[in-house]
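Each of the two complexes below includes chain A, the first together with chain B, the second together with chain C.
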Partner chain A sequence: MSAAAAALRPAAMSVLRGAAALLVVAALWEGLVIATGVKPYYLPRLSVILQSIAQVPDAYIAGFLRTASETLLGFSVGAVVGVFNGVVFSQSRRLREVIFPLFVISQTIPVIAFGAVVVLWFGNTILAKAVIAFYLTFFPVTVNTLNGIESVDPRQVDLLRSFGASRFKLMRQLLLPAALPQIFVALRLACTLSLLGAIAGEWFGDTVGLGVLLLQAMYNEQVVALWAAILVAGLLGTTFYGLVALAEKKFVFWKAEQT
Partner chain B sequence: MSARSHASRRTLVNGAIGIVGVVVLWEAAARLLDLPVYVLPSVSRILAAIVAQHQLLWNAALMTMWEAVAGFFAGSAVGIVLAIALTMMPRARRVLLPMATALNSVPVVAYAPLILLWFGIGPTSKIVMVAIAVGFTVFLHALSGLDRVDRRAVDLMRSFGASPAAIIWRLRVPAAIPLTAAGMRVSTVRAMIVAIVTEMLGATGGLGWTIFQAVLQIDFVQVWAAIFVASAISLVFFGGVNMLEKRYVFWK
Partner chain C sequence: MTIRRLLTLLACTATLAVAQLTPAAAADAKAQVKASLRLKWLPQTQFAGFYYALEKGYYKQEGIDLTINPGGPNLLTENLVATGADTFGLSGGSDSVMAAIDKGMPIVSVGVAHQITPFVFVTRKDGPVKTLKDFEGKKVTTWFTGANYVLFGMLGNEGIDRAKVDIQPQQVSVTPFVNGDIDVVTATWYNELNTIKGRMKADDLKYFVAEDYGITFPRDTLIVSRDTAAKQPQLVEGFLRASIRGWRDAMANPKEAVDIVMKTSPTLDRAHQEAMLTEAYRLMTSGKAKTEGLFTIDPVALQKAEEFLLKNNVLTKKVDVSVAFDDRFLKAIPMQDRLP
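After this line comes the complex of A and B, so read on.
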C-alpha cells in the first residue's frame, strides 16, 4: 500500500511541477506583455487570447476534434505499418536493400508538395490528411523497429533458437519486446510529425481544422486568433505526446529509469 | 576489406534495382493505363519539363537552398550553444527543459503564419522558420549527448581539480559530438521541407512558391518537376552532411 503510494509520488510530483511551470509561464507572459508594452501585433496578452477562444469555443473544439482524428488515424496506421516493415526488413536482407532506399527518397519529398497531389487523389477528406500523417509516421517507426531488432544480442537469439523456438515465437518473445524502447522513441517523434502533416494537409482548401484556423487568421492578419490557434495546436500536440509517453512508461517499464 | 566492399556494392546494386524498378513501373503505369496528367504524369514527361524549365527551376532552387542552408547553420549554432549553456546551469535546465519539450510538441508549421506576419514574405521568414525547426532538433540531440558521459569520468576529472568549464570542454563536448552530428544529419531534410512549406504560405520565389503557383494553375507536371528538384537537392544536402559526419566523427 505504502509502496504503491511511494511509486505514485514521483508521477504526481512531475505532474504538479509541470502545472506549476505552466502557471509560471502564463504569469510571465501576461506580466511581461503588460510591463514592456509589446504591441499586440507581435504578442497579445495571454488573457486576451484565452478570451477570444472562450467567445467562439465551437470553432476551436471542432477544429481540435477534426485535426485530432486525422492525426490519430494516420499515426496509428503509420505505426502499425512501420513496425510491420521493420519486422519484414529484419527477416529479409534483400527486400530491405531494394526497398529501403526508396523509403529514404520518399522522405525527401516535401510533404506539402506531396500534399497537393494527395488531396487531389483523395479529395478534401479526412482520408487525405490521414494519408499525409501516415506518410510522415511510418518511416521513423520502420527505421527504429529495424534498428531495435538488429541490436538484440545474437547470443540470445541463438539460445532461443537452440531451444527450438520458431521464427514467429522468436519475434514475439524476444526481438519485438527488445526493440520496444527504440520503437517508442520513433513514436514520440512521429506524434509531432503526424500532427504537422495533418495541419499542412488542411491548407489545400479544407473548411474545418486547426490548419484552416491558422490560415484564416493569417490572411485576415488577426494575430489574436492566430495565437489562439497555435495554443490549441499546442494543446493537441502536448496531449498526444503525453499519451504516447504514458504508454511508453507502461509498456517499457524496465527502461523507466532512463527517461 | 574486400568482403566489406563487396557487401556495400551489393547494397548499392540492390538499391539501384529498387529505384529503377519504381521508375519503370511508374512510367509503364502512366503510359499503359493512360493516366491523366493530374493523377500521375509519366517520369519522362516530368524530366522533359525539368529540362525545358531548367532556368526557372534553378533560380527557385537557389533561393530555397539559401534559405535552408542559412537557417540550418543558424539553427544548429543556436541549438548547440543553448544546450551547452543549459548543461552548465542545472537549475535553469530543470525549469527550461520541460518548457522546451512542450514547445517542441507544437508542430513547427503552426508558427509559420505568425513568423510570416512578423518577418514578411521575403527569405528572412523562411530562414527563421528553418532555424527554429533545426534548432530544436539539434538542441535536444546535443543535450542528450552532453548527458551521455560516464559519471565516473566526471568524478575522476573533478577529483583532479578540473573546473566545471574544463569538464564541459574536455569531456562533455567531445562526448556529445556524435549525437549532435546525428541530429544535424536528420535536420537537413527537415530544413528543406520547412523552407518549402513556409514558401507555400507566401513568398517572392523559391521551390515552394513554384509548387504553389503550379497547383493554382493546375499544372501538375510542373508540381512534380519541382518535387523532383526539391527531392534531389535534399538528397545532396543529406549526403554532404553525412559525408562530413563520417569524416570528422570517425570514431563513431
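After this line comes the complex of A and C, so read on.
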C-alpha cells in the first residue's frame, strides 16, 4: 500500500461511515413513520419530502446557491475582519479597551431586531444578508483569535525577540500559527452562525433563498415543503461545516499529532 | 451612376428610418422610472394582478420599471413606504393606514383592493357556538394585526361584552382549531379558510361574517408617500392603470395568472392558489367596486371604520378620511377601464 493511499484511507472511511449513518437514519425515518402511522402533518415520510424536492428542483437549487453565496460572503468577510481585530487588539491594549466593549454590546442585540433596519439600508440585496451573516461571524473569530494569541507561551515570544524578530515576523511566524487551532474553533462555530444569519436575513421580504422557502412553507402550512427546506438547509450547513473541518485538517496538521 | 443613385436612395431611406425610430426609442428609454411595490405578505395569488401586470409589461408601458418586493411577518409596509424604501405599498388595510397616519407617518392611500372584510370567523357546526352571543366563555383566536378590530366591532354591535370572551392571539397554524382545541378561529376568505376546508369537511363549518353584524373593514390598501403623491401624480396614475389592467386580465386568464405567481414561488400549492385567486377577486369586486371600479375608495365604509377605530382608542385623534384616502389618481382613469 502506498503512503498516499494510506493517508486517504481514514478520510474515505469517515465519509463511508457518515453515508452509512445517513442511510440508517433515512431508513428509520421512513420505517417509523409508516409503522407508527404518524399523521403527515406532524412528520411526513422522507420519500414524500424527497419527491417534493424532485418536483421543483430548480427552486431548491436556486435557493441553495443564493443562501450559500450569502453565507459564504458574510463568513469570509467576518473571518478576515475577525482575525484582523484579534491581531490589532493583541497589539494595542488601548484600542482593545475602547472598541471591544462596543463589540460586546453589539452582540447582545438579537440579530432579528436588526433585520428590518438592514433591509431599509440595503434593500433586498445579497449584501443585506451577507451583512447579517457577517455580524454573527466576526465576533467569535475576534475573541478566539485574541485568546489564541494571548495563550502563546511568553518564553517562546521572548526567545524570538532575543533573536531580533520584528513585531510583524513574531506575529506571522509564531503568534498566528499558534492561535490557528483556536481560530478554527471559531470558524466552525461561525459557519453555522453565518448560515443562520443569511436565513434570518431572507425573512425580511426576499424572493429567493432557503430562508424564503422555509418562510413560505411555514406560513402556507405546507408541511412537506417545510421539511424539504429544512433538509436542504441541513445539507448546506453540513457541507459548509465539512469544508471548514477539512481546511482545518490541512492547515492545522499538527493538531492531530498533539492529541 | 445607377449605383450612386441607389446609394443615395438608401442613405435617404436610412436617415428617414432613423429619424422615425429615434424619438420613439428615446422616449421609451428615458421614460422608465424605477419604482417598487411592497406587498403585505409573501407572494401568492392574493397579489396575482400585480405579478400579471409586471410579467406582461403593463408597468413598462406606463414608463415604470417596477420591482415587486414581498412582505413578511417582520415587515410593516407603511413604514417602508413612509421612509421611501419602497415607492408603493399594498398595506394591511383601512385600520393600519389610519393608525399610521395617526402616528404621523407621511403616507396616503390611493386605492382600496378588498372592498369588504376579508376575515371570517369559523366554528364547527356541531360545536357549542351557534350564535355570536355564544362566543362568551369560549376560546376564540384572532390576529391582533387588524382582525381583532373586526371581532371587537361585531361583538360590540351585538352588545356582547368582549371581556367575557376568551380572546387569544392566533398563531400561524389552523391546527389547534382542526384538532378541536379552540372553538372559533379567524380565517381570511382567500387563504386560511381554504386550508381549513382542506382538512375538515366544508359542510361541518359555520361562519360568522362581519357584514352580517354591520361591520365592514375595507382592507389591502394601496399606499404611497405624501411626497410621491404630490410630486409624481403621473407615476401614481400610471401604476394604478397598469395594476387594474393586470387584475382584469389576470381574472380573464386565471390559469396563466396562477402560473405567473408560481414562477416566483414554485413551491406553492396550485389548487390552493387557484382557490385564493377566485376569493381574492370576489373581495375586490364586492360592494362599491361593482359600479365604481376596482380599487375604489368607499368614503362611507371608511368613515365608519374611522369612527370605530377612534372609539376603540386605536386612533388618538380624528383622522380626515378624505385626506387619508385620495381618489383623484383613480378618478383620472376613465371609468370603463376600471370596472371589473
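Everything that follows uses one rule, which is that the second predicted complex is superposed on the first by the 255 of 259 C-alpha atoms of A that agree within 3 Å, B and C clash if a C-alpha of one lies under 4 Å from a C-alpha of the other, contacts with A are read in each partner's own complex, and residues count from 1 in each chain.
Here, contacts are C-beta pairs under 8 Å (C-beta built on N, C-alpha and C of every residue); 3 or more make two chains touch, one makes a residue touch a chain.
Owing to the predicted nature of the structure, the values given are computational and were not obtained by experimental measurement.
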Chain B versus chain C as contact partner of A:Ile230, first or second or both or neither: first
Partner chain in contact with A:Asp206 - chain B first, chain C second, else both or neither: second
More chain A residues in contact [chain B versus chain C]: B
Touching partner for A:Ala217 - first (chain B), second (chain C), both, neither: both
First, second, both or neither for A:Leu120, with chain B first and chain C second: both
A:Leu196 touches, of chain B and chain C: first, second, both or neither? first
Chain B versus chain C as contact partner of A:Ile109, first or second or both or neither: first
First (chain B), second (chain C), both or neither touched by A:Val25: first
Touched partner set for A:Leu246, first chain B, second chain C, both or neither: neither
Partner chain in contact with A:Thr238 - chain B first, chain C second, else both or neither: first
Residues of chain A contacting chain B in one complex and chain C in the other: 41, 112, 116, 120, 203-204, 215, 217-218, 221
Residues on chain B engaged by chain A in the complex (per definition of touch): 10-11, 14-15, 17-19, 21-22, 38-39, 95, 98-99, 101-114, 116-118, 189, 192-193, 196-197, 200-201, 207-208, 211, 215, 220, 223-224, 226-227, 230-231, 234-235, 238
Chain A - residues contacting chain C, complex: 41, 52, 56, 58-59, 112, 115-116, 119-120, 123-124, 203-207, 213, 215-222, 225, 228
Contact set on chain C toward chain A in their complex: 38, 41-44, 67, 69-75, 79-80, 83, 85, 172-175, 195, 264-269, 272
Interfacial residue positions of chain A with respect to chain B in the complex: 17-18, 21, 24-25, 41-42, 94, 97-102, 105, 107-114, 116-117, 120-121, 191-192, 195-196, 199-200, 203-204, 210-211, 214-215, 217-218, 221, 223, 226-227, 229-230, 233-234, 237-238, 240-241
